[in-house]
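Labels run A, B, C and D following the written order; every chain starts at residue 1.
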C-alpha cells in the first residue's frame, strides 16, 4: 500500500481549530501525485507525451475525526477497479502513521482525458498494465 | 430553492485552466453559509448561543463539467432529510444561473455538534422546524 | 475610488480564528479583477487579443487589524504610477465599508506580459490611457 | 541557514500555469513553522505555555521567477533584527535547492502576541536568546 506523509500547517486549518473540509482533497491529491511520481510518471510529461491528463469525475468522502494544526498525516493511495479510461482509488488519512487514528476515507474516481480535446483516452500503459503493483 | 452566486477568480483555478477540484467545496460552503444567513442565522452567534457548530461528516460529489476563470456560478442549497442532530443538503452548481450548464452535483451530510464538547446536539429550532421553507 | 465587497467564509480563516495572512491576497486580486471587469476588460479575452497577461512582481503589505468569520470586507483598488509595461495599485481593506475599521494596506506592482513569451509588453490602451478614471 | 523543501502540487497553481501569487505565502509559513519545530518549539504548545502566538504585521515580496507544477522548492528562513515583541525574517525561495534559480525574496515582520488578549508580548526565551543560531 502506497502511503505519503504530509504535515498540517496554519493554511490547512479554519476558525473551528481543525482542518477545513475542502483541504483534505489537497492532501489526497498530493498522495495520488506522489503515487504517480513513485512509478516514474510526471504529470507534466504525460500531458505532452502521450498527451493525457487526469480528472476527478466523482468522489465520496467520510470524515471520521478532525485533523489539527501540527498533525503529521499519513495518506494512502490504493488503486482499484480499472476500465478503459477510468481508474478508481481508495484513499485513507490517518494521524501519526497508518497505525494511528483513522481520520478520513475516500473513493476517488478518475478519468484519463486527452490533454487537448479533453475527451476520454485509454490510460497510459505504465498505469494500466498493473496499477496495484508496488511502485 | 435557495441559490447563491459566486464568481470564479484566479485563486480558484489550477494549471489545467479549470477550477481545482477541492475548490468547489468552498463554493458549496459559501452557499450553505448564505442559506443560514438568509434565515437570520449567524454561525458566530450560534457558536455562542445555543453553542452549536456544524460539521460535514460525509460528502458525495459528481463533477459534470469544469468551471473556468471569470465564470459566474449559481450554487443551490436544498435541505433534505433531517434527523435529530443530522441534516442533509443537496447542492448543485451551474454556469450562468440555474438555467445554464450543470457543472456539479453534491450531497452534503452535516452534523450539529456542541461547540465545546464536539458531541452531537439537536439542530437549533430555527433550522429544525422547517428547513425546506424559503428563507 | 473603486471598492469591491467580499464576505469572509470558513475557507478564509485559520485556527487562530482570523483570516489567514495569505488569503488577503485573494481578496486583493478579486478587487483588481473586478476593477478590470468594470472597465469592460475580461482577462480571458485580453490573453487572446491583444495576448497579454498581468503578473505581480512586487508587493508590500501592512496588516493593521485581523478580519474574522462573517465579516463583510470592502477592498479598494486605486491605480497609481504607470510606466510602459508596469502599473502600481494601492489597495486597502476595511471591515463594513470604507468608513469602517482599516484592516490592511497594500502596494501591488504589476507587469504586463506577452501571454506566450511572458516578456514585458505595453499595457493595453484601455488601461494605459487613463487608469485612474472611474470605470 | 535553515532551508525547508516543499513540492508544488496542482493546488498551488493557477490557470496561468504557474504558482498563484498568494500561495507562496503558504510556502514561506511552512518554512517558518519548521524553523520553530527544529528548535523544539511547537506552536500549539506555545499558545498554552507561555500563552503566545505569532502574527505577521508586515510583508515585502519580490517575485523573481514563477514556480511551476512538480517543482521542488527550497525555502529559507533567516531570522534578523529582533526587538522586544518583534522579529524579522528574511526568506527566499529557489527551484531545486539553494544553488538553483531564485524565485522569490521576502521580508516578513512578525509580532509576538498574548494568545488571549492579542496584545504584544516579549518573545519566548527559546527564540529571543539566539534566533540566528542553527536550530
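Convention: contacts are C-beta pairs under 8 Å (C-beta built on N, C-alpha and C of every residue); 3 or more make two chains touch, one makes a residue touch a chain.
Quantities reported herein were computed from a predicted structural model and do not represent experimental measurements.
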Item to complete: Compute the centre of every chain as the mean of its C-alpha atoms, then state which one is farthest from the centre of chain D.
Response: B
Worksheet item: When A-B is set beside B-C, which has more C-beta pairs in contact?
Response: A-B
Discussion item. I'd like the Å distance between the centres of chain A and chain B, where a centre is the mean of that chain's Cα atoms.
Written reply: 23
Fill in: Inter-chain centre distance, chain B versus chain D - centres from mean C-alpha coordinates, in Å
33
Practice prompt. Round to the nearest whole Å and give the separation of the Cα centres of chain B and chain C.
Written response: 27
Item to complete: Could you list the positions in chain B whose residues touch two or more of the other chains?
Response: 10-11, 16, 22, 26, 29, 68-69
Worksheet entry | Contact footprint of chain A on chain D as seen in their complex | 7, 9-11, 26, 29-30, 33, 37, 42-44, 68-70
Response to the item:
Seen from chain B, its contact residues with chain A in the complex are 16, 21-23, 25-26, 29, 53, 55-63, 66
Item to complete: Could you please specify the touching residues of chain A with respect to chain C in the complex?
Response: 10-11, 13-18, 20, 22, 68-69
